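Take a look at these structures.
The following pair of complexes shares a single chain, chain A, combined with chain B in the former and chain C in the latter.
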Partner chain A sequence: MKTRTLAQADASFAIRIILAVILFNAIIIALPLFYAAWISVHDRDVILRTEEFIGAEHYRRLLTNPEAINAMIASLKFTLVAVVGSLIVGLGMALVLNEDFPGRSFLRAAILIPWAVSEVVTATAWIFMLNPTFGALTGVLHPLGLASENQVWINETTALYWVAAAYVWHVAPLGAFFFLAALQTIPDGLYQAARLDQANVFKRFLHVTLPQIRSTVMVVLVVVTVEAFRSFDLLFAMTRGGPGTASQIFPMLIFRYTFEFSRYGLAAAASFILVGVGVIVTTLYFVILMRRRRTVRIDAPAAAKLADGGAAA
Partner chain B sequence: MTAVVLKSVVRRYRDAVAVESLDLEIRDKEFVVLLGPSGCGKTTTLNMIAGMDSPSSGQIYFDDRPVENVPPEKRNVAMVFQSIALYPHKTVYENIAFPLRMARVPSVELDRRVRSAAGLMRIDEFLNRKPNELSGGQRQRVALGRAAVRNPVAFLFDEPLSALDAKLRTEMRVEIKKLHERLQSTFIYVTHDQVEALTMADRIAVMDSGRLMQYAPPDEIYRRPANVTVARFVGSPAMNLIAGRISDEAGALRFSGAGITLTLPGALAAAARNARQADVTFGVRPEALSAEPGGVAIEGAGKVYAIEPLGSDQFVDVSFTAGDAPQLIKMRTRPNVRFRVGEQVTLFAVPEETYLFAADGRRIYPEGVA
Partner chain C sequence: MKKSSVERATLWICVALVAAWTFIPLLVMFWASMMPIGDLVNGIVQWPKSFGFANYLAILGIANIDEIFGGRAESIGRGFINSAIVAIPVAAIGTAMAVVGGYAFGRYRFPFKGTLLFVLLSIRVLPPIAILIPYFVILSSLRLVGTHFSLIITYLTAVVPLLTWVLMGYFASLPIETERAARIDGCSRLKALWHIMIPMAAPGIAAAFIIAFLTAWNELLFGLILTGGTSNQTLSPALLALSPTMPSTGTANLGLTMFAAASVMSAIPPLFFAILAQRYITRLNVADPVTTQGD
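And now, the complex of A and B:
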């Protein structure tokens, strides 16, 4: 019998343990996925227990339905505010926590609390805060003359943005956590070099910090986008999509199709549309941000020969 | 192109003093090396000149301008770091151009100056590359180019060669010296490598434990070390230093210590008499020793302990028994002189190249102020 080389033995072991994971994933992910796809192309009546193949009819209906389109727009708005907000707030927090000051380690741990509490708790806290009569926001702003005595904060136009703000509060610490880790890998020498090269704080941020945390920005961007895009708990706990349908984002619509109207086929089709849009958005990030910026325009080493002896003027 | 003057500069940390009342005057266009072991305060001193650190007390002047309270970005000094510190995401061209972009130099002039600096450092063919596509030596050249592209008041170097291998170090030493000749600017260079100091400096400032030990041209540092610390630190291999006592034996002054006895030659004896010191340290450099009779005989049971042939010459370690620990004396000889390990040998020192230091470390012989 031929003895196997060490590399072959390693490979077969690797394949075996990976196969186990693939099988497991197939059962818990692939099966429901295919089942959902199957449901989405059938029209099922839960009372009459009938089922009929209708092809892409659900998809067609959703793409032309104003309610679905509005929900998608709301979802995109919510995601945009959540992503931009978490990036700015998260990076700001990380920059502060990267400085040296007393109590830094405590604060580094403490900022993770908003992320650690569940979204339902976050929602409850914000609902209290935004309560027109006894909420903290009214309590602070009314004496300053910036709000009326019973200011209604959550209304048709603002609901979506208040939920997005609560979401930023909840998720920004996670971004800060990633950013802080990235900031700590930037060598001090680079900042010193940049200072001596006469770069001010802003230029140092632009030319040293940002390029060095570029890939982390990418990671946070993707994670927060995906999370925000499929976020449901916070919104459900805070406004249930209301007032009216003012904050009805797409996952909320899927929830209602499923549990209020028992339109399983429609809900499944909507889920696939949600995933599709999510994939498109994420791919766009990669295309736009990961494209290597080429700085070509230096082509003539010969031209530099003019310089021997003439030191930097 | 500026004189840099430090006056009574002190840098104190919470529980330690890094620099203790340092006075240092660096002339315009001078190449000064701050030399000393790690923790001697040389890098702290450089950082204070750069503005990265501030003195606890004392003044720093660029010409007549006090700068202690000027932030680094306003001091207009260029610095080359041990870590090289090139911007990893920028091309070589952009790295060199960066200080000019910060100073809003117009693009035509910027391009001319970048190419000129690149030509000077012979890195013109790498302008399109990123730092991680370059070798260590090339990166260091880019860092030098980035410093040279500006018109700084002074160039600061923080152990720039310590990350390079020995051969490259030798090359870069020459390179930096040439750069100084061409740029005609003030260079302040920190290192713990005395070879770099001796080969490049106009003047060396030897520091130890936050204090300035001696500030003089290399030759004087080597020939007339101000104290035993400088003598021990400068020279490779280091000066042989033997602690012992002087006694008067029938009019002749005899030195004995660590299993060695010798009669102090005339000039040394006179200096020792003047100094009225009994506990002293006798010093002699390896190259001032020989096994051929002549000069001051070093008496004692010397045995060849180890031989290190170097090709160009050889080092011979001779051991003398002194209590528990043997005292080793290193001699430098021509490579063709044959020794055997264990062989008995008597060493002779050139009288003019011997040293005597007092118990407090200061030099007794040769006499005169450093």
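And now, the complex of A and C:
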């Protein structure tokens, strides 16, 4: 033992605990996934209890199936609306909460409530807002003449967007917290300088705030993309994919393949297609983050004094 | 800095907008939960004839409104217990695994670290249903569907990678000098982890525990598939069973106010923990631990 240096011993210790961690994750995650991959290339007959190797047949069928293609389009639409909405609402909240007003710390804590409650509770709250017969939106807007007596808010064309709105309500506070942290690192001097240059509030936002929080915008963008793309609970609790198949996002389709039709092979194949699209997003995430780190590193030795401020931005 | 009155008015309008967006859906749900069963048919926007906590008392088993709804209220009560039975071990085991993994990832350099981090992050991208399908087939053949164990093991698949990622960032952000000093003073690596690093990381570990607990507490899909309709049904599927079949378009049914009350109650532990964890959440750097790695 004594002949080895501390660093070498540390490395072998690290490798041992890493191996233990990997083993645990491999057993509970990787093995089931390999099994799912095996299921996805076999045709399973539940009655005859036979399993026949069919290769990529399930994948081929899915990629040419209009129902699956529509579900993927719905998923991408839902994700896009959720991401754009979360960025706007989250940033808006952060900008307001970054100002000075009485009750600010209360409101800062309170905006976290929608994020902390489950997606089922989020769905409940929005069902009571939107229901055509007893919902609050109809109740307020009908007497004002802005809605019919039993206005059906969630219909074929709007269902996906209402679920996305509820999702934004649920997830935007998290974005707001990231933005708030970023806003607080912007030096006050920048705003004072901008004021001296007669920049109005919009110009200050565009030329001072936005460039300073660009990397946070990126982070929130990617996090919400990943979360929205894989989300299932809220949509299921709100619309079950309906009316009809109007809000049938891809995970909803997989759910139906699995538990309505017991088509495990097809469902497993579909879930790998979903994973594939998700991994593309993750790769982008890594590329973006790594590129940012590299820039910081290259700059760091040259401008050591600036590194403290520069690395944070 | 002094603000003009126009600026101040704009600010207050914006504050009101944020408050309205946040609170109105919550208040509407709370309002519905205070209504007696049957009043809701006339709409939420009204002053109900009687107004009170009857729905809550029914769920707690203190008062019984109606025999028909007695069973439903009971299923919610059981849901609370089942969710706790599942969420506590998930949080404990998940946090323990993640402390070890997060410490190793956050503190050491080793071969394939970048690849392993990529795999770790990719797991986060995995849609829950992708992991549920093989587990459902395996657990069905082992006759384990409907047990608490089936949920604990499947929730761990979601919780362990996430928390490892979170705690990795946290361990990396702790100063290395203290640990080095302890090591030079003759502390073994495990002792240094146990006596120095874990106490230093306590706020992060507490937050990780809370995240794991809430993930298990709030989750619907796994709970629905693996325990839905059984006596081990967790809270989210129990809530869903109270909601109308086409929740957003269906007409009012008599269980709805109970549904609202149960939803409000189910949100109490998350609210409590969110307030508790609030201070730590920003420090955790959930989204961006890559940039906080110590190396």
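Everything below uses one rule, namely that the second predicted complex is superposed on the first by the 276 of 313 C-alpha atoms of A that agree within 3 Å, B and C clash if a C-alpha of one lies under 4 Å from a C-alpha of the other, contacts with A are read in each partner's own complex, and residues count from 1 in each chain.
Here is the rule we use: a contact is a pair of C-beta atoms (placed from the backbone, for glycine too) under 8 Å apart; a residue touches a chain by one contact, two chains touch by 3 or more.
Since the model is a prediction, treat every value here as computed from it, not as a measurement.
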Note to self: Quick one: is A:L190 in contact with chain B, with chain C, with both, or with neither? Answer first, second, both or neither.
What the structure shows: first
Check: After lining up the shared chain so the two structures overlap, which partner does A:T239 touch, if you call chain B first and chain C second: first, second, both or neither?
Finding: second
Note to self: A:A199 in the overlay: touching chain B, chain C, both, or neither? Say first, second, both or neither.
What the structure shows: first
Margin query: Is A:F261 touching anything from chain B or chain C once the two structures are fitted on A? First, second, both or neither.
Written below: neither
Margin query: After the superposition on A, what does A:H207 contact: first (chain B), second (chain C), both or neither?
Written below: first
Checklist line | First (chain B), second (chain C), both or neither touched by A:N25 | finding: second
Notebook entry, point to check: Between chain B (first) and chain C (second), which does A:F272 come into contact with in this model arrangement: first, second, both, or neither?
Noted result: second
Check: So which one touches more of the residues on chain A, chain B or chain C?
Finding: C
Check: Touching chain B and also chain C: which chain A residues?
Finding: 296
Checklist line | chain A residues touching chain B - in the complex, by the definition given at the top | finding: 187, 189-190, 192-200, 203, 207-208, 211-212, 214, 295-296, 298-299, 301, 303-313
Checklist line | Interface residues, chain C side, partner chain A - complex | finding: 7, 11-12, 14-15, 17-19, 21-26, 28-29, 32, 40-46, 97, 100-101, 103-105, 107-110, 116, 118, 121-138, 153, 156-157, 160-161, 164, 183, 189, 214, 217-221, 225, 236, 239-240, 243, 245-252, 256, 259-260, 263-264, 266-267, 270-271, 273-275, 278, 281-282, 286-288, 290-291
Check: What part of chain A is in contact with chain C in the complex they form?
Finding: 6, 9-11, 13-15, 17-18, 20-22, 24-25, 28-29, 32-33, 35-36, 39, 89, 92-93, 95-97, 99, 101, 103, 107, 109-136, 138-140, 152-155, 159, 162, 169, 173, 177-178, 180-181, 201, 219-220, 222-223, 226, 229-230, 232-233, 236-240, 242-243, 251, 254-255, 258-259, 264, 267-268, 271-272, 274-275, 278-279, 281-282, 285-286, 289-290, 292-293, 296
Check: Any idea which chain B residues touch chain A in the complex?
Finding: 50-52, 71-79, 81, 83-91, 93-94, 98-99, 102-103, 112-113, 115-120, 124-125, 127-128, 146, 148-151, 182-183
